[in-house]
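For clarity, chains are labelled A, B, C and D in written order, and residue numbers in each chain start from 1.
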Amino acid sequence: MSEPRTGVFICNCGTNIANVIDVEAVRAFALTVPGVTVARTYRYVCSKPGQEMIIKDIKEHALDRVVVAACSPRMHEKTFRKACQAAGLNPYMLEMANIREQCAWPHVDGLAATEKALALTSAAIFRVRQQEPLEGLTAEMCPTTLVLGGGIAGMTAALELADGGHPVVLVEKAERLGGNLARVDLTAPYLDSARDLITERITRVQGSSKIKLMLRSQLKSLTGFVGNFDAEIVTDGGGEATARLGNVIVATGYKEFDAARVTHFGYGKLPNVITSFELEKMLTAGRIETREDRKPQYVAIIHCVGSRSAEFHGYCSRVCCMTAIKYAQEIKSAVPSCHVLDIYIDMNAFGKGQEDFYKRGSEAKTMFLMFGKNDYPFIRKADAKDDCDMLLVMDEQLSGKRIEIPADLVVLMVGMEARADSGEVAHLVNISRDKDGWFIESHPKLDPVATTTDGIYIAGCCAAPKDIPDSVAQARAAAARIMGRIAKGKIEIEAVYAEVDEDFCSGCRMCNELCPYSAIEYDEEKKRSHVISAVCKACGACVAACPSGAIKARHFTDKQIFAEIEGVLA
Amino acid sequence: MTFEPKIVGFLCNWCSYTGADLAGTSRIHYAPNVSVIRVMCSARIDPTFVLKALADGADGVLICGCHPGDCHYTEGNYKMMRRFPLLKKLLADYGIENDRVRLEWVSASEGQRFADVVNDMTERVRALGPSPVKMDLATDMAER
Amino acid sequence: MADKKLQLAIYWGAACGGCDVSILDTNEFILDVDKAADVRLWPIAADGKYADVEAMDDGELDVTIMSGGVRNSENEHIAKLLRQKSKIFVAYGSCAYMGGIPALANLVPRDEIFTRAYLDNPSIEPGNQTIPKPETKVNGYDLNIPDFYKRVYKLDQVIDVDYYVPGCPPQPDQCKAAILALVAALTGQADPPPKGAVVGAFERNLCDDCEREKSEKKISRFYRPWEIMQDPKQCLMEQGILCAGSATRSGCGVRCPNSGIPCRGCYGPAPNVLDQGAKLLSAVSSIIDSQDPAEIDEILETLPDFTSFANRYGVAASLLQRSHRQ
Amino acid sequence: MTATVRVNPKLISELQSYGAEDVQNCYHCGNCSAACPYSSEPFILPRMSTRLLQMGLEESLRGNLEPWLCYYCGQCSDQCPRDAEPGATMMSLRRWLTGRYDFTGIARRFYRSWKIELAALIIVALLTGAGLLAYGFLWGGGNLSVFDTGGGQSAFLPAGAIHVVDWVLGLMFITVVLVNMARMWHFTMHAEDIPRASAGAYLRHALLFPLHFFTQKRWAKCDNNMPWLTHLPLMLGYLTMLVLIMFFLEPFQDGPAIDWKLHTLGYLATAGLLVGVWYAVRGRLKKNVPMYRHSHSTDWVFVLLLLAIVATGVLLHVLHRLGFGAAANLTYVAHMMVVVPWMMRFPFSKWSHMMYRPLAMYFAAIQTEALASQSPQLQGGAEDELAPVAEAA
């Protein structure tokens, strides 16, 4: 390698750096390091004139490497890479020394800080010497999207994409569309009918020429990477299909909590203790009666069954509170003489229209009784003399009294939990799950529908309990994200990724299990492992683990880091 | 004059390096003895890096990653978590004192924690004195 | 110089002699060597004195093949002497190449070795414990023995080495191939290998040549080879048997794994690896199947003396080279 | 709190007939108790009473003093984010309690239907009227035009006789009220989870009853103490009149000669009554004060009767002094036709709160002390302000 020509630019950052660090000393030092052609200090290297200075020097001094000693690379690396590019230098021939956030600011002793600045700068100069020009890749983006799950989220996403003119494969495990919402009568807080909400979608999905609907079907395998997935889909009764896909939306939904697990309530033993979904059935049928076909005089609704408990799920299932209020009102209108007792921990009535809905619930003379977390009421049969079928005993929090509640019908607001097969699904599409089994988003606030695997999106309750509006919003968001990428046509693949040198790979397969993105494929013929660049996120786990040193982390090679170590300690 | 240890830090880009930046932006002052080398993930840190740093004269090595369960790459930090105890055994067999090499979890929001870790580590290494490796390789050949 | 015979010296430093045996293991090939070369020095085969070597001109020897590293002053003296006298110097075997088994002693300070060997050793007659000194007077005569260095060096830490032949011992075919390559080079029939090259071994790792079936790896406990009935087809590592093959250069013919013994790493690190032990450490620990520190420690408990295993032949060649305990 | 109590979802509806409106809207944010000038440990009003009512815990409600500690300044209702009208709730609870204390059950009937009450009043009024006329003609003076004994003739309705009537009725109803007060004591001071108080405690705080009876000083704590100010003359005027009639009826009614001492008192009292009534009527019409926003039928009966009494009283006096004997006598009969039903209502209506309130203050002080002796952190609080006189005594 011919002697490198490195330009070193030290930023005063106004006085931010210069006040603590003797930038001139850094400059003088840089010039003593072999391979450094020019070294300059400047007030604001990131400013326009600052960047122009770099560009000018690259051209005049034919620099092939640039070191900027300034702020954190997390701050301005992009800026200076652009500058290099503008001067016709590959952006990866730049290295930054972080002498502001990690030197000037946290250190007071100017001498020591300057010492450290020298170390950091020399590390950067040593490193940049080992750096190589890198180019990103591009790949085709297949416009077809696979949607897993035909619930409200799945159907919405599918329609959104289809309406945008893009082909969709909609895979539903059950023999009908609609998911859990199809089991619901009215919806809070506006009491509009769930049936209306979904039938319109079902008919449109079935009618759409863009949507390939596959009922009683499941995803069997998914290989490849964003824009270029290959899916195998199996249908009950032996049908098998394959599809080329660009993206996947996982909208597999949730499963209701099994009320029998909470022993206090004697669900399954006491005939008139039912779950919210069983009540929905009654409401849809329009007849609310006890097992003995009597109109109930007292209906007790118990919240947080399986949710917000130390024993079962710690999280809040989010929709039960308003659903309970909905029941209170529906029951009242069905059986006006009936008294509804709503037994809750906290009333979660966030969001549009919900507080008013709650108030209306109160006006409907619902008796609200508060129990303590993990201090469930327990249910016993009432005595003959009582005017009710069962009695609930609990410590009421707001009055501090131990009370007895008459009930003929007890409704358990069962929470949501991750589906039993969420593990398989996660493994199939290679996304991760949190401790409760919900799929994890790429960023909980800033990137809520994407996942850590590029091209895989999540929508609806498979990510966490949510209500219909949020599920629909997520579905549409996911669809929009995908349409954006389809519109771009091609996908850029970051230049920084790991690659296997097949000459040195011995096929020991130590690395195969290590990749969180399953980016490493093993080629049985060649007996070599291979990294799919598009899937790789460049964490470098495999690189560090490769016992043959056959995997190279582009822009973070052993050579570069060794050089950096030598530089720091030089 | 007191001995100023030279410590090499390997920090993951997403949590710890950002945490270190935060310490700076929030003007939390800490010892200037740790010079940081940025890697994408603590999983990238090859034990070779640690040995090389010591061989090249570092008095200590600090490794920082995201808290377990918090990794940007979902589980990279667990790989470091697995390597570290074995590495510590190896270092012990090579006669490197326990306090010279250290693994800490520092999140992007833990500027203060990073500062505390650096200060504490610096004090411990200062107490140990210069790295035996340093003097040894220098005098080895002569004294045989 | 075709007519002129090849001038060859074979010597040993801190070694067990196995390497010389491996040369003999080339069987009748050794006769061809004898035809082609004057063996000027080879303690196990022919008599020879320091004086004879000292008498040689510099570069008089074409090739010196030295096994063993440098443990004492004699090793160093002769290594330097032979270097001076030869055109090509070959470090032969793991000890010469990386320090080898003797270099394991680098993990223990010298005085501890002496204490163990000359004082605490139960086989020593009580009251007669003595630590040998370089000079002693025995009824009027000066008795000199080499002085025992603080540590073991691989050859190239003491002298300039041209080529390396790894292995403990090197596999006879490889030995043969190496010698032939050198002869070819010296007789101008082929270009010499680049200086510092590892000859008599491949540019790839052992797993590449190992026939055992390999799949994705996760380890929930380690076993010593005798602790389980091993599956003769499956990769030993996957069965929990610590095997250095993945971190070791190939060339031995996979002799150990083929006979159900995990690779010990005698052929040294992969071409572009700095520290064989560290690499093996990184690989092996990465595939431990646990995310819980306590459990990880438990699993590692089933892995006794990893350091010595991972650096069995390479302590002197490892980045830290020796124990630095004071 | 081990005893398990049964909730009763029906009670809340029952309370509606007592004027409770949006009780169930309350979700216990506690703003009301924060705003309430009377709320302090251990009497967290109006939240606790509201809760007990929502849950239909009759037992606990019956033993609850808090409604009486509330003067309906309405600050709670103003603060309520859910328009649960806690003030109105407390008011309705006072009515409900009055009904509960009353052993005859009449109060409950009156509160539940104003028709019954009105009927009862009219009947009593008519009986009174008929009775008096009969008495006047048959056993009294016999001459309708003779009002007082000035002309030597005996009066159509001799003061002595009326006096007896007053006393008989008075005693009758006082007994009823006393019995009800006893019941109140039993309900509240012998309720569950209320520590029994010592006789000493009862003595120590004894002075609180008269103090609050005459001054309602606690009411003055409302930010707006206008209601208290206007209520005071009504109250005092009323009491003065009561005393004059019960003890000085003859000198007050008889003779052409005027006993100025008594009459001045009488005029002042009348003025007081007028002011009070005027303010009450005006308030109930304009609904300018929260306390008047939710008038119950019985409230109207109360003020209207009072108005009638004052009016006829004044008229009768004027006619008498101008010498229109016959007219005066007829007015007198009319006057009595209002007074008697009015007195009869005493134990069964709002009226009786003049006894229950001060009694509640008294009991509250005792309870606070008793509770405080149980849990020290209750030291101070309600006790301080409920027992200023206790120290004085």
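Rule of thumb we're sticking to: contacts are C-beta pairs under 8 Å (C-beta built on N, C-alpha and C of every residue); 3 or more make two chains touch, one makes a residue touch a chain.
Please read these numbers as outputs of a predicted model, since none were measured by experiment.
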| item | value |
| --- | --- |
| Remotest chain, chain C as reference, centres from CA atoms | D |
| Whole-Å gap between the CA centroids of chain A and chain C | 52 |
| Distance between chain centroids, defined by C-alpha means - chain C, chain D (Å) | 111 |
| Chain B and chain C: spacing of chain centres that average the CA atoms, whole Å | 33 |
| Rounded Å distance between chain A and chain D, as computed from the means of their C-alpha atoms | 67 |
| Junction residues of chain A, two or more chains touched | 514, 541, 544-545, 558, 562 |
| Overlap residues in chain B, where contacts from two or more other chains coincide | 43, 46, 48, 52, 75, 79, 83 |
| Sequence positions of chain D contacting 2 or more other chains | none |
| Contacting chain pairs - touch in the sense defined above | A-B, A-C, A-D, B-C |
| Touching residues (chain side chain B, partner chain A) in the complex | 4, 6, 8, 13, 17-18, 20-21, 23-25, 27-30, 32, 35-41, 43-46, 48-49, 52-53, 56-58, 72-76, 79, 83, 115 |
| Residues of chain C defined as touching chain B within the complex | 73, 107, 147, 149-151, 273-275, 277-279, 281-282, 284-286, 288, 290-291, 293, 296-297, 300, 303, 306-308, 310, 318-326 |
| Touch list for chain A against partner chain B, complex | 72-75, 98, 100-109, 112-113, 115-116, 119-120, 123, 432, 440, 452, 496, 514, 516-517, 537-541, 543-545, 553, 556, 558, 561-562, 564-566, 568-569 |
| Touch list for chain A against partner chain C, complex | 503-504, 506-510, 512-514, 522, 527, 541, 544-550, 558, 562 |
| Interfacial residue positions of chain D with respect to chain A in the complex | 1-7, 9-10, 12-13, 22, 24-28, 48, 51-52, 54-57, 60, 82 |
